[in-house]
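Okay, so chain A shows up in both of these, paired with chain B first and chain C after.
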Partner chain A sequence: MADARTPPFRLNLGRFIVYAVLLFAVCFYGIPLLWLLLAGTRSQSSLFADPPFTIGTWDMFIATWNNLTTYNNFQIVSWAANSLIYSVGGVLLALVASIPAGYALAASEFPGRKLILVVTLIAMITPSTAVVLPIFLEMNLLGLNNSYAGLILASGFFPFGVYLTYVYFSTSLPKGVMDSARVDGANRFELFTRIALPLARPIVALVAFFSFIGIWSNYFLAFVLLSDDKLYNLPVGLTVLISTSGALSNLPANDVPIKKPEVILAAILVILPVLLIFIVAQRFVRSGTLSGAEKG
Partner chain B sequence: MSRGRAMAALPPPRSTWDAINPLRLLGELSETRYWMYLLLLPSALLITAIVLFPTVYGFQLSFTEMRLNRPAGNGAFVGLKHYQRMLADPIFWLSLRNTAVWVTFSIVIEFVVGLVAALALNRNLPGGKILAVLILVPYFLPNVVAGNMWALMLDSRVGVINDILVRIGLLHEYKAWFADPNTAMATAIFVEAWHSFPFFTLLIMAGLKGIPADLYKAADIDGAGAFAQLRLITLPMLRTIIAAAVILRVIGLVNSPDLLLILTQGGPGRSTQVLSLYAFQNAYSDFNFGYAGALSVVMFVLLMLFAWAYIRLSKVNQD
Partner chain C sequence: MSAIAATATPDRARAAKRKGRRDTRMAYLLLLPYIVLLIMFGVFPVAYAFGLSFVDTIENSFYGLANYDFVFNDFRVPAAAINVIWFVVIWVAMTMVGVATLSLMLDTVGRRTATTLRTIYFLPGAVTSSAVVVLWLFLLDPGVSPFQGLLHAAGWTYSIDVVSGLGLASVFALMAFFSASGGWIVVFGGALSSLPTEVLEAARIDGANRFQLATRIKLPMIWRSLVLMGILSFAAGLQLFVEPQLMGLAGPQSAQNDWSLNQMAFQYAFRMGDFGASAALSTMLVSTSIIIALVIVFATRFYKLD
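Our next item is the complex of A and B:
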């Protein structure tokens, strides 16, 4: 967004300080990430002996990759599949709950509307970790502990999505078009599906983005609700790999093929989808969050 | 498709399909006064199952005996027993103090760094866009990855941080940062601040976009310097957004033990034991859900008091 009013670039002390600050911030983040990415290509002994920012070899990377994927009968592959199931299920649930609710709150006045808005706001600031112990017992009662359904249910709740949709529809619903459709005999269900939903594409994407990232990264809830290692998601699986391999503790040498490079590669696997989605969506997400935040 | 075309060609008969056609039913339902509540139903069901019920259940738990490893006597009402035990529990008080340290220092660092980064990014400099992306990306790193990555980098044998610090002469030998009670908390706060300051950057950047440029022009004419403008225009205008960001972060920090669970598990000793971790350990190591419930209730009440007081204070300042 090259602003026409922006004066031509010149370097002064203020600018220099600003760049210094930003450069520092980027190093602050970039160096650890760079190290992590490079470490995935190196051997265990190289991690100990060579300087920190050495690049490993392609063969090493392939060997590490094979060790990781074949370990325990392709366990990491099934964890990745689980993560995908939880994320897709949770995102769908979040959308089914948020979009109609946000629309209802924005489109009309009805008894109890204020109360629901307040409850939504309170729920927004109550992260699910606060109620994780009772949720665990509740899922126990329902027999949903250790099941796909249980974790999807617990993680699919996304009050922020209701709020975002509400803010979006409050400003973007074309009242005139809706009124004339009404005159033409459309019922209110058709107003929702034919006018509001097509308009809602950006907000659907935004809600899906935020809930996907939240659920894909979810560690604590999954850790609490799942005890069967076949059902683990990637973040929980990663911590299991780390503790069984002793990659971070001083366990005596063992013959588990999972060493530091394998663990690092697994960590990269966890962040890769998030990173890719973020990079693809960042412009859009930034402008979306901005418009939401400004009105809020 | 073919059915749709057939139906369009024939005059619509009042068939069995028509009677159970969900689209027609929804259409009719949407003309009743229940329509709005139907739209809210999925969300209401979820909110009940995932927030309201667990919250109420949690309160109830805190007044009952609930030990999963000792089923006899489970569910019995024990009044304030858990709360009385808490008052006399030195680990509770220690955890409370640690929570205060953990939250206060993390928030202050995240806010200051987040504000500085947002102000810098807001200058619309060449290359600013790409820097903004680079700064925001890591916020989306999962806690597990951020935590384990730093655990590896701070490792006492292969840690890259130790290597750098020794090379530039700040350290004489590799240090096990999380094994020393004197550095464990500070190091954990560093990792937390590293991970979450972009949250402040993101929200403050949004807020900065909403401040009218005229205010700064007028201040320029009045001869106000950059620092005076920050103090008299930027910060007051950002008050609402800063208040919201602080409340959200404080709640997140108090409630989620993820990062500490990964980095230290409360150790060494109890030097990084915080309330959320203590509640979690009571439930999952000692299977004492009643006491864990009481701890959660105390956290919940403290947070609500904090949010209320904080909102009050930031409103008072406004007048």
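Our next item is the complex of A and C:
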């Protein structure tokens, strides 16, 4: 039975099917992404005439880049700046709101705690898209439509971050350390700032990671709340770029410099920050967090 | 001794009470920013939309159930409901079968191979919202698509042939699956690697092969999580908006402006200026989500951590 414990590697039908399916999935997930990144370097005519995985030239890339960035008085640059403002503001607000809240829910017992927890869970499970139109109706009432503040406030509400922090502190807060700090005369606020916050570094990173991804790529809420094109973020800007130039409809050509390559480059701009964060986080997850999870 | 104890006890009780009160005050203080946001963007919008749904927002008067009546009698609404249900059925089926199959298969190959493949499956998660639709409009265009061989083989020359050949519900399901399933595969990779080794070892000694191990031992052990994923996808799918809304980017002939329920709610508010009707439809959509959330929270006892 010794070989039953470690089955020998045999290329039978079963293994063949497993590898065939996994390879098919590599094509399904990998080819579109690879194509997109390569297509960003190619010209309009190359996209139609050359094989799909042709790499373009540096000159083509620069020409596309110039067309895209200078279009409409550097509009895409200001949209990228807006995206950055919404993301940084939203992530900071999400952290300021959810880290202390998650800590309080985990570390103390008080009337209303269970209610807040249950409402938080419901808000977390309810898809954020379900409340976009109600939020629009409310913002319309408050006059916060079409402003940086409105979108930042709305994206700072991040119940999942509260839940993650709550789980983290519930399972990792050393009761002994807290008690001895209390005996040493630390008051409740110092307990949070001196003991809990330094311990919270991994959870701060995790909440920032998830909220950034959500806010950076938020289309629906931004689309509904913002009507002034100076305030658009990149995901909304990308669609405006396409609808004003007609770059994706194969209609008769016009003289707008936004063609397919420019659209592809703009789409890459939308996804690149999240893609880079994924790649960095991948290494981070493999090295640090997993060992912590095993101990927990 | 007993006298000291007798005087000490009420003191200690009072001190404990005072400490408890101060703890409570501190907890509320720490919760304050979050509670403000929770009320502003969780509780209030839902309640406000609910209230608004009984108001004639054009005449500004109480309207009873007339908004609901209006929504139900709009022939586009049942059509949109059927569209969304088709999308959700296809997407949830794809997600459950696809994620379970790929996760179980990855669990049988070498660790390094599995990690690399999982990364490749996970990266499209970066392509979200409008970018995923734009990318797929390219992928479905036989003129430029990297899959053009496949599309030509199916006899499709223009993207409109591809879309009508596959059906809109399947096209949206493909877009959503492409972007959302990799994250779940990572989650289930973690879940499978933490299954108790004794059970797997025992099954192996009893002569189970890899296939039996996957379908009879591992699958039942992750089944509850798979169902939870299915329910979460179902709830998210009902709210479909971005994918159909952006089809028009491929040209006016591809536009689908009233394909999903959320699009209808959007149309009422933005095209017709009828906030009451928009609120009525939104209220129904949000209520469905909240009911699903309540079922999950109380069926899985999510909140029971301590």
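Please note the rule applied: the second predicted complex is superposed on the first by the 263 of 296 C-alpha atoms of A that agree within 3 Å, B and C clash if a C-alpha of one lies under 4 Å from a C-alpha of the other, contacts with A are read in each partner's own complex, and residues count from 1 in each chain.
By definition in this document, contacts are C-beta pairs under 8 Å (C-beta built on N, C-alpha and C of every residue); 3 or more make two chains touch, one makes a residue touch a chain.
Owing to the predicted nature of the structure, the values given are computational and were not obtained by experimental measurement.
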Do chain B and chain C fit side by side on chain A in the superposed arrangement, or is it a clash? clash
Quick check for you: in the superposed arrangement, does A:E190 touch first (chain B), second (chain C), both or neither? first
For A:I258 in the superposed arrangement: first (chain B), second (chain C), both or neither? neither
Chain B versus chain C as contact partner of A:L121, first or second or both or neither: second
Figure out whether A:L225 sits in contact with chain B (first) or chain C (second), or with both, or with neither. neither
Of the partners chain B and chain C, which touch A:F278 in the superposed model: first, second, both, neither? both
Using the touch definition from the top, say if A:S243 reaches chain B (first), chain C (second), both or neither. second
Applying the touch criterion given at the start, work out whether A:L151 contacts chain B, chain C, both or neither, answering first, second, both or neither. neither
Looking at A:I76 after the superposition, I want to know if it touches chain B, chain C, both of them or none. Which is it: first, second, both, neither? neither
Going through chain A, the residues touched by chain B and also by chain C turn out to be 1, 14, 18-19, 21-22, 25-26, 28-30, 32-33, 35-36, 39, 47-48, 52, 93, 96-98, 100-101, 103-105, 107-108, 110, 116, 119-120, 123, 125-127, 129-138, 153-154, 156-157, 159, 162, 188-189, 192, 213, 217-220, 224, 235-236, 238-239, 242, 248, 250, 260, 263-264, 267, 270-271, 274-275, 278-279, 282, 286, 293
If you look only at chain C, which of its residues touch chain A in the complex? 22-24, 26-28, 30-31, 33-38, 40-46, 48-49, 52, 101-102, 105-106, 108-109, 115, 117, 119-131, 134-139, 141, 143-148, 158, 178, 182, 190, 201, 204-205, 207, 209-211, 232, 235-236, 238-239, 241-242, 246, 248-252, 254, 262, 265-266, 269, 275, 278-279, 282-283, 285-286, 289-290, 292-294, 296-297, 302-303, 305-306
Could you list, by residue number, the parts of chain B that touch chain A in their complex? 23, 26-31, 33, 35-37, 39-40, 42-44, 46-47, 49-51, 53-55, 57-58, 61, 66, 113, 116-117, 120-121, 123-126, 128-129, 131-138, 140-145, 148-153, 155, 157-158, 160, 163-164, 194, 202-203, 205-207, 209-210, 226, 241, 244, 247-248, 251-252, 255-258, 261-262, 276, 279-280, 283-284, 289, 292-293, 296, 299-300, 303, 307
Chain A to chain B touching residues, read off their complex: 1, 3, 6, 9, 14-15, 18-19, 21-22, 25-26, 28-30, 32-33, 35-36, 39, 47-48, 51-52, 93, 96-98, 100-101, 103-105, 107-108, 110, 116, 119-120, 123, 125-138, 153-154, 156-157, 159, 162, 187-190, 192, 213, 216-220, 224, 235-236, 238-239, 242, 247-248, 250, 260, 263-264, 267, 270-271, 274-275, 278-279, 282, 286, 289-290, 293-294, 296
Across the complex, what residues on chain A touch chain C? 1, 4-5, 7, 14, 18-19, 21-22, 25-26, 28-36, 39, 47-48, 52-53, 93, 96-98, 100-101, 103-105, 107-111, 113-114, 116-123, 125-127, 129-138, 140-141, 153-154, 156-157, 159, 162, 166-167, 170-171, 188-189, 192, 213, 217-220, 224, 235-236, 238-239, 242-243, 246, 248-251, 260, 263-264, 267, 270-271, 274-275, 278-279, 282, 286, 293
